[in-house]
Amino acid sequence: MSDATAILLVYCPDQSGIVARLTTFIHANRGNVVHLDQHVDTDDGAFFMRVEWELADFAIPRDELRAAIAEIAEPLAMTAEVYFSDEPVRMALFVSKQNHCLYDLLARYEAGELPRVVIPLIIGNHATLAPVAERFGIPFHHVPFDKTQRASIEAAEMALLREHRIDTIILAKYMQVLSDEFCEAWPHGIINIHHSFLPAFVGARPYHQAHARGVKIIGATAHYATAQLDEGPIIEQDVMHVSHKESTADYVRRGKDLEKVVLARAVWWHIQRKVLVYRNRTVIFR
Amino acid sequence: MSDATAILLVYCPDQSGIVARLTTFIHANRGNVVHLDQHVDTDDGAFFMRVEWELADFAIPRDELRAAIAEIAEPLAMTAEVYFSDEPVRMALFVSKQNHCLYDLLARYEAGELPRVVIPLIIGNHATLAPVAERFGIPFHHVPFDKTQRASIEAAEMALLREHRIDTIILAKYMQVLSDEFCEAWPHGIINIHHSFLPAFVGARPYHQAHARGVKIIGATAHYATAQLDEGPIIEQDVMHVSHKESTADYVRRGKDLEKVVLARAVWWHIQRKVLVYRNRTVIFR
Amino acid sequence: MSDATAILLVYCPDQSGIVARLTTFIHANRGNVVHLDQHVDTDDGAFFMRVEWELADFAIPRDELRAAIAEIAEPLAMTAEVYFSDEPVRMALFVSKQNHCLYDLLARYEAGELPRVVIPLIIGNHATLAPVAERFGIPFHHVPFDKTQRASIEAAEMALLREHRIDTIILAKYMQVLSDEFCEAWPHGIINIHHSFLPAFVGARPYHQAHARGVKIIGATAHYATAQLDEGPIIEQDVMHVSHKESTADYVRRGKDLEKVVLARAVWWHIQRKVLVYRNRTVIFR
Amino acid sequence: MSDATAILLVYCPDQSGIVARLTTFIHANRGNVVHLDQHVDTDDGAFFMRVEWELADFAIPRDELRAAIAEIAEPLAMTAEVYFSDEPVRMALFVSKQNHCLYDLLARYEAGELPRVVIPLIIGNHATLAPVAERFGIPFHHVPFDKTQRASIEAAEMALLREHRIDTIILAKYMQVLSDEFCEAWPHGIINIHHSFLPAFVGARPYHQAHARGVKIIGATAHYATAQLDEGPIIEQDVMHVSHKESTADYVRRGKDLEKVVLARAVWWHIQRKVLVYRNRTVIFR
């Protein structure tokens, strides 16, 4: 017997009785709620909820669930997403030359700490990390960056990703900007790690910018990539204190520990279906 | 018209349908849920929930609500607490010689940042802070500590507290141990601040203990006082990094910033009715 | 016998033998070094040092020390500041309506935790906090802000500050921008607290900006006020994690704890003469 | 021409003129000081210093330096250690089944972020991580733990370590206790990572202990292993906040990020020769 669950993420204008409406629906169909997290944004008058229930005795077949939810959602002007806990997440990693995020993610993958994740391929704009991919038995595609061929290169990459039915792309220090078309083809499906505490130090060489400004704390930010560079919904951030004794090179070295941990946390929330995007912000149902 | 809410905190053995049962009850009586936070501790098989709903149109009168909840709770083996958001919290502060937690709490009180809190009295085992109480217009009772008279002193204090219908006691660096009888007279009603990251450095002079051990981080812990010294349910903790350049005196000075902020956060959760105690641990519905 | 110390803060182009040159000078004149912290910024090729020595047996009289240092400094192209540990710091506080930074600083002042600090006056652009000043026995000057009279108002304030021989001005949530002339009259002598993690969210309503951007961490920054708004040398920063459950009002409330603690730390480093300003950055000799 | 440096770490009873004595010695022999960090522990009356200088023009040959220092140290009752920045650090890694610290260290090693480190061998009490060692081309020795043969097993390990002239041993989640003899054979040469904020939760299953106690923060501690279990000098610690929503399994999973980062920082300070051990505490010259 399965211990799979259904996960429902919703938001809508706040109004009376939404929690009761949804939980009664689940309970009436013999679903057992195992997690419910609900929240009202009083600034925006918006209601948010994540609810997860066991499917073992649930009366509604999976392929009819989305339609059943839509029927409830429609009169409430509710936006709803439905996931099943046993569906695989098909993930591609994009890398450049730095190895820290790649090793970090692959070590978790190998240790079984990324449940349901399947990584069919790694794409690098440099060949530097091909040996790492090889050690983990994952096909590596070397796609050199070439400004003059950008459209055709991206088209080839997108074809490759679609061929492997990729739903989640991790830019694990990829260091290249994707086109608007690319970003929009995987809405809330591309996670980037930026090596600053956004919105401070957007763009290139953020550690150098931080050193020049004389900040006392450096940071890293994982966000969904959108057509606006470094402006996508923030999923996770963390920081560390620095001192005047540290050079820019120290920031780069120490910052890697932030980057890999922040990226991994964002990946974790994402694959747990705990992230809801609303008005370019995220709600993380921890 | 009132915008008061009812707050229900419950725990019970986990079982199917609890969320639906409670939310349907609220909704059927025309209560509008404004916050719901629910959680299952899979280690313990225990269910926890905090739910808050508007009373404006609620069908059940306040003085019947506890009985109505009890009827639902009984078959579920559920422990339930009910609060109303417009009930005052009657708070006494216990102090010694250090002024930082006292000023911190009174500044918040004066700024209106402790909603519904009423502070009818401050008790000090030294007279040092009497002028501070006076500036804020709060009666100060100087009750010197005397080991040989402890039982009668505490009896007098308890009578004073009862006379003022005190429900919450804040040990704002009181530095004295209360008797078991005292602690048990206000179960989950006495909040203490201990100047270490408990359970490290229980008892006296924790900063000296920390310095001697050579830790790299010091902390502070707010917890409900119980008959076991420094063993009560932890409400809030925080830490700061220290270096070998700092003496014990530096720890004492810098640690005060931790102590006052950690204590104030614990007081905040407590007066918001966001703390549920279960098996000597707390669930904080942030 | 005095236990006063001399404190020397220097920077210059890096070159061989500077430490030996200075320590030999001190030792040859019977000064006992109690703290020495030295650092080379390899990016800039700059040398920084803070050295503190006991004056008890020191051969050079105080009023000749600066000249003696200048003689050493000149051939090294060295910028040097000399302080004596027993000189008072004459401090003015500027406030508006919020009480948290004011109470925090005055509680430390009253507890003797701001050694050598003298606070002869508090200036407020609102009268709200006059009673607080009165409780601590410090003269309060209510100087309402009036855009049309700004030059004459500032002139009066500056006259008042000079009359009281103020060397350090703390903008304890003053919420007004000082003119360039004002800032330049107390170079590295005016400490402001800004309620964001600078350089993110410069200017007005930073918590609202932070909420709109959906950051996961909020911060506070203490810096020396300069003619460029929120662009002065950063002295201290700290942050706290926030969640989607928190409204802008929660940020404002919780952020106050950051603001007061960060400001107090900056004041501490400043009065300890541990801050050296170099190219719009600070070196903090912790 | 070499850019090698000499590094001197000293401590002794505090007394006048030590800094001048040492810097004059270095300067008189044409050494250029590039870093000097000095500190007096006023509680203990102890003086500490780390000084690093360029050897390019230094008059004293390397093999005579220790003797020259000893001559200065002897009358000051000074304990001194001398290192050269271009000497390799010969490091062995001890592992068990968990891969996170191993991958983390080897990724840094491969990226050139552990300067001068040579890792000739990895020892595992389980064979689980042998493939990881193989991928990085490092010999793996599977030495199963056997309580009845402990003395002979450790003797064989120690012989192996000596054969490879190992000076630094990293217990990268080794999960076994070494004998007193083993610990004492590499004084301040064995770095262990313990998955708690020591001294809280010494011994086995610290995350379970933490969950049972209901702490709000978990930690990790890197320390030099000594004959007293989990009592050695602490090198580095860090913490993360946890909530009641997290199970012990969540602590284990999330704590790994602390463990690997804290261990790596301790390794960094150690190989930079920035750690001085004094009375079971460490001075870290950051």
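As written, the chain order gives the labels A, B, C and D, with residue 1 at the start of each chain.
Criterion: a residue touches a chain if its C-beta (ideal position, glycine included) is under 8 Å from a C-beta of that chain, and two chains touch if they have at least 3 such contacts.
Every value quoted in this text rests on a predicted model; they were computed, and no experiment measured them.
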**Prompt:** Can you list every chain that touches subunit A and also touches subunit B?
**Reply:** C, D
**Request:** Among all other chains, pick the one whose mean CA position is farthest from the mean CA position of subunit D.
**Result:** B
**Prompt:** How would you label the subunit B and subunit C contact, same or different, if same means the shared numbers make up over half of all numbers there?
**Reply:** same
**Prompt:** Pick the pair with more C-beta contacts: A-C or C-D?
**Reply:** A-C
**Message:** Using mean CA coordinates as chain centres, what's the gap between subunit C and subunit D in Å?
**Reply:** 37
**Request:** Report the inter-chain centroid distance for subunit A and subunit C in whole angstrom, where each centroid is the mean of the CA atoms.
**Result:** 41
**Item:** For subunit B, residues that touch 2 or more chains besides their own
**Value:** 39, 243, 245, 286
**Message:** Applying the document's contact rule, which stretches of subunit C touch subunit B when the two form their complex?
**Reply:** 98-100, 103-104, 106-108, 110-111, 113, 135, 243, 245, 253, 257, 261, 264, 286
**Request:** Within their complex, state which residues of subunit A touch subunit B.
**Result:** 16-21, 23-24, 26-28, 32-40, 241
**Asked** Any idea which subunit B residues touch subunit D in the complex?
**Response** 39, 41-43, 48, 197-201, 211, 213-217, 219, 233-239, 243-245, 247-248, 280-284, 286
